[in-house]
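Below you'll find a set of structures to go through.
Across the two complexes that follow, chain A remains constant while its partner is chain B and subsequently chain C.
What follows is the complex of A and B.
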């Protein structure tokens, strides 16, 4: 347990031998057509079941279960809080008070993740929650109310402002119901997205700078992320509305880009990237919010020994079998079929390819967002 | 009318949520909800909702198995997690766990350690993970029921279903009971507002499935109390009534859970 808790990198590595790692790497790095252990195509996600609004006691909630049995439940709760301007917000920037009170503050969104076997303050939950929170509060719509909504002018932070003295505080609690079998980031991010989509805040009855006073009819409560009428949504104008960001986990193996990696696939990845995207309200296409690299666990694996260097195999093999060749993806000399731990580093063209696959029209990002919007939030 | 059990109950004989004294809340349950575990269940009693998953019996971790208890039979581990969004106001936890969830965990561990046939699995661990999604009273009782369902789903042998229920009195009951002027009613299956105001106890009972050559002769199933927990103050003359009502509730719940277990086989 103790060394499991230390694992801040991409979750626990499965116990695979160097030969198995090499086999996986070779089949995943086949040029143009990687063969994944579960037979998926590189951009295919694992099947999942999703439902939202499952907990009546929360402002918004969702549950997603992957086919491998990992499940997550997210509950969102909102509280009204008095805006207290700290000294550093007053000091920072131009016209301190007005900016902080009208544009919102990142700390108004709190996120906590519970993973069985981990404490709240362990590295993995803290890192994951911060990674998801920063893209949530960072998603600010430029140009304000162009094609979208006046309400969402300042992104999520701006939506939480009630007036100059009061604001909402949003608590997002993520509950992972089983031990993480693979790096839980995509599961948690998708569930959070769905929960935020279903989140409602009570309708404000007071006006202007009065103390806030709300309509106690939950039927008229407004969605945190405003949504269009059914008619608009079907005619394809749904993209006008601001959506919470999703964070996708992408790995590169050789020249190939692989989405929604399983644990075995992460174990041999050259690079692991968490890419956050959201919809751009103006153009209707996707916008890149952030990219984070995640320490790939393949760095910690044991290397294999080529026959030419193995004392036990001395003289048993022909020397021609062990010619080191240059791996085009990493630029390192390698003997084919002999596992070497990845040293990190990935080519710019591969990163560019990853981002292109996510962002392009009809690409993976759009597919995921559309799939999530398809989940009935009634 | 104020929402106050002690003042309105004598007039209406109806509780805050409209139930009579001997009525359970709506109980819904499902088993095999999580394919990643050996056994799992979801149970809701009124607005209390609990998910439970069981892993094992599996080989215990090194270091723990060397203990004397490890060789005799399986060790039951219980981990209770009350979600931050479970109650009305969001609760901030400091670091690891809080007092309420660790008390529930201790009670559950003690109850199931002695209830299950652990001697069949020496040197192994059965770990139970309970997540409270929504808390509205009778947490311990609901957790006992959810654990029982998950353990049945995991196929761990036990002599009978262990079910839990709460019962309370409809007033403070601090003076000795007067048999001629008995104005307090016992209440079954308390919700959170009732729990906060009234004295209550949690009782868990089990029945032994009759086995052996003359098992057809036994008409009556023998009910045994396995768990009894009480945090509030009450005059001792009321205990017997409360226990009787609680045990009756346990029997009702046992029938419901049996229906869930038998029904899940058909699907």
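What follows is the complex of A and C.
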């Protein structure tokens, strides 16, 4: 029962008292300058430690540790598989090219997430893996004319195609090493991104429609996501390369937009969004892949009792004191200092602001991608 | 820069056996016959040296197979053998011939008279169950609280029916341990105007070995043993946590127009930092004119309020700063008490000034300058330790 509740809402709802919730909410919703409990600015991430290529038995791997002690390891493995042609494509004969054989298939990427305390078929791991997988295989890049990125035509799915009869199958295993202290999505997504960046596939020696045959030399193996040389990366040309998507968790409190929320911050959020972005090769800026709303746990909280209605304070309060004020963000009337569970619903302008902060040039999304790019892959 | 990515740091923990006496290290290296390399303390080295290593053992690790030692807390002895095995992860302590392991992290063991901060997790018919970070939930009987208005009378069934109006699930209380039962669970009471429901502030929990006594000295992580600033910290014991000290509750006058802030350090490691509310002010905030005789009545009736007062942003900023100071102390392995917290608060103000001088780019200085836990944490710790 308790597990189910955890799985359905954005985090294990920490039991916070109404007074704490009210304090947090008011601090975070201060117009223009929210005060976060740990003093960060709204777009600031907690420092994290990252390393890649840590598992020798995988094609690519990474580890990221957040400052609060949560850690995740991701391993990416690839194997060659025969492409099964469906009957209708066979019927259509040699001339008709099967779409699956040229543009790839979403099921070629398999993702499994393991979170301590959850079963494989619990809602949280299943939902998380599907959320991350869909943005991964959904990121299709049109054409390769812009950056000369012919390899990545068709996105990750297209990259996995070897020839008409053979393809790569990618297994992404995500392991959360610690208890999920806050909603683990950003951690898992960043780690997966880093692991995919470091993933290498052996160099193909065979040509055309031959059975695939690979170079034994691991040194000449090619990156799954082609990487620019160091020089190019610094001169800004790195933006021409396709990158795996990242999913960021963004919450809104009042009219403020807050990134990398801690557990307490999620607990009072009006809306929790998981925004997936990737780099668009042609325009060089970020492309929005998906937005998902996550059930904010603030709905399940207990309301506070205003002093005027508190039976223990009868006669102690002046009746004029508690005047309900309209909350501009939610449009509900509330008494200041008294916690009321959120009923859901945010203004369009707030959602638009959240997306804009991620996507704009020099915005949070770009900084995160740049930061991850900087992690040594050697 | 919104995101900082650091390279991984290898925890600089000296293994237990590497720490042993120099004279035996030579003997150890050629005696490969000794299986598994598990520390098997050389009798002569130990008795001759007189001090035990401050290395860390893990549960199941053999501390010694020598029958001359007696086993203490945190150890286990197989009836068929003489080897002493650690049952907790922690540091080995030696008292004469007694070997015990002091855990790195332990739950709080209640003692009578402790001031604790707890969270109500369950409401029963005549009592509350309170989480105080102890192995068992503490209980707070209905008969051990003050009734609103300070009336002294028997608790009736009417009180039982409206038990949730006093405290309900999730509420934070500050209370005192009244008695400790046979099984180690505690009974609390809030029969004082100092105790009751908490509001107007933030809660944070620190782990560590908490109130229990002195232990071997070492500062984990953070300041690093080489920096020399760790020496003063050594006196305050290993691992973070709240010290059982004279003053667990005090009022701190903050800078930057933050006003007074109350700090409650529960012995159990739960901490509450809130806007200062003194009696008269609390009373006058509820009604305009209160006679002096009703004053106490007013104060005691607001114990069960769950409505926050109006707290100015400056105070909120300083409360956030204080919570970060606590976190910095805990991460640095320094115990939290009035002195260390005050010192680190002053240090954080000083660091802010330094940063303000250094940085010409205003954008960068503004962006997240209030975040203390990253690069600033080390500097704050160093400064705070110097003040001792």
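We adopt the following convention: the second predicted complex is superposed on the first by the 355 of 378 C-alpha atoms of A that agree within 3 Å, B and C clash if a C-alpha of one lies under 4 Å from a C-alpha of the other, contacts with A are read in each partner's own complex, and residues count from 1 in each chain.
The rule is simple: a contact is a pair of C-beta atoms (placed from the backbone, for glycine too) under 8 Å apart; a residue touches a chain by one contact, two chains touch by 3 or more.
Small disclaimer: the values here were computed from a predicted structure and weren't measured.
Partners chain B and chain C, once the complexes are superposed on chain A, run into each other and clash.
In the superposition on chain A, contact of A:112 is made with chain B only, not with chain C. By the document's definition of touching, of the two partners only chain B reaches A:77; chain C does not.
Using the contact criterion defined above for the overlaid structures, shared-chain residue A:27 touches chain C, although it does not reach chain B. In the superposition on chain A, A:307 makes contact with chain C only, not with chain B. Legend: residue contacts after superposition of the two complexes on their common chain; A:221 is shown touching neither chain B nor chain C. When the shared chain is aligned, no partner comes close enough to touch A:123: not chain B, not chain C.
When chain B and chain C are set side by side, the one touching more residues of chain A is C.
The superposed model shows chain C running into chain B at a single listed stretch; among 60-68, 150-158, 168-176 or 276-284 it is 60-68. Shared contact residues on chain A (touching chain B in one structure, chain C in the other): 65. Of all residues in chain C, those touching chain A in their complex are 1-9, 119, 121, 148, 162, 165-166, 168-172, 197-203, 286-288, 297-298, 301-302, 304-311, 313, 316-317, 320-321, 323-324, 327, 366-368, 370-374. Interface residues of chain A, counted against chain B in their complex, comprise 1, 55-58, 61, 65, 68-71, 73, 75-77, 79, 112, 114, 116, 119-121, 171, 173, 175, 177-179, 181. Interface of chain A with chain C (complex): residues 15-20, 22-24, 26-27, 30, 33, 35-41, 43-51, 63, 65, 67, 259, 301-302, 304-307, 310-313, 316-318, 321-322, 335-339, 364, 367-368, 371-372, 374-376.
Within the complex formed with chain A, the residues of chain B that make contact are 34-37, 47, 49, 51, 53, 61, 79, 81, 83-90, 93, 95-96, 129, 131, 133-134, 136.
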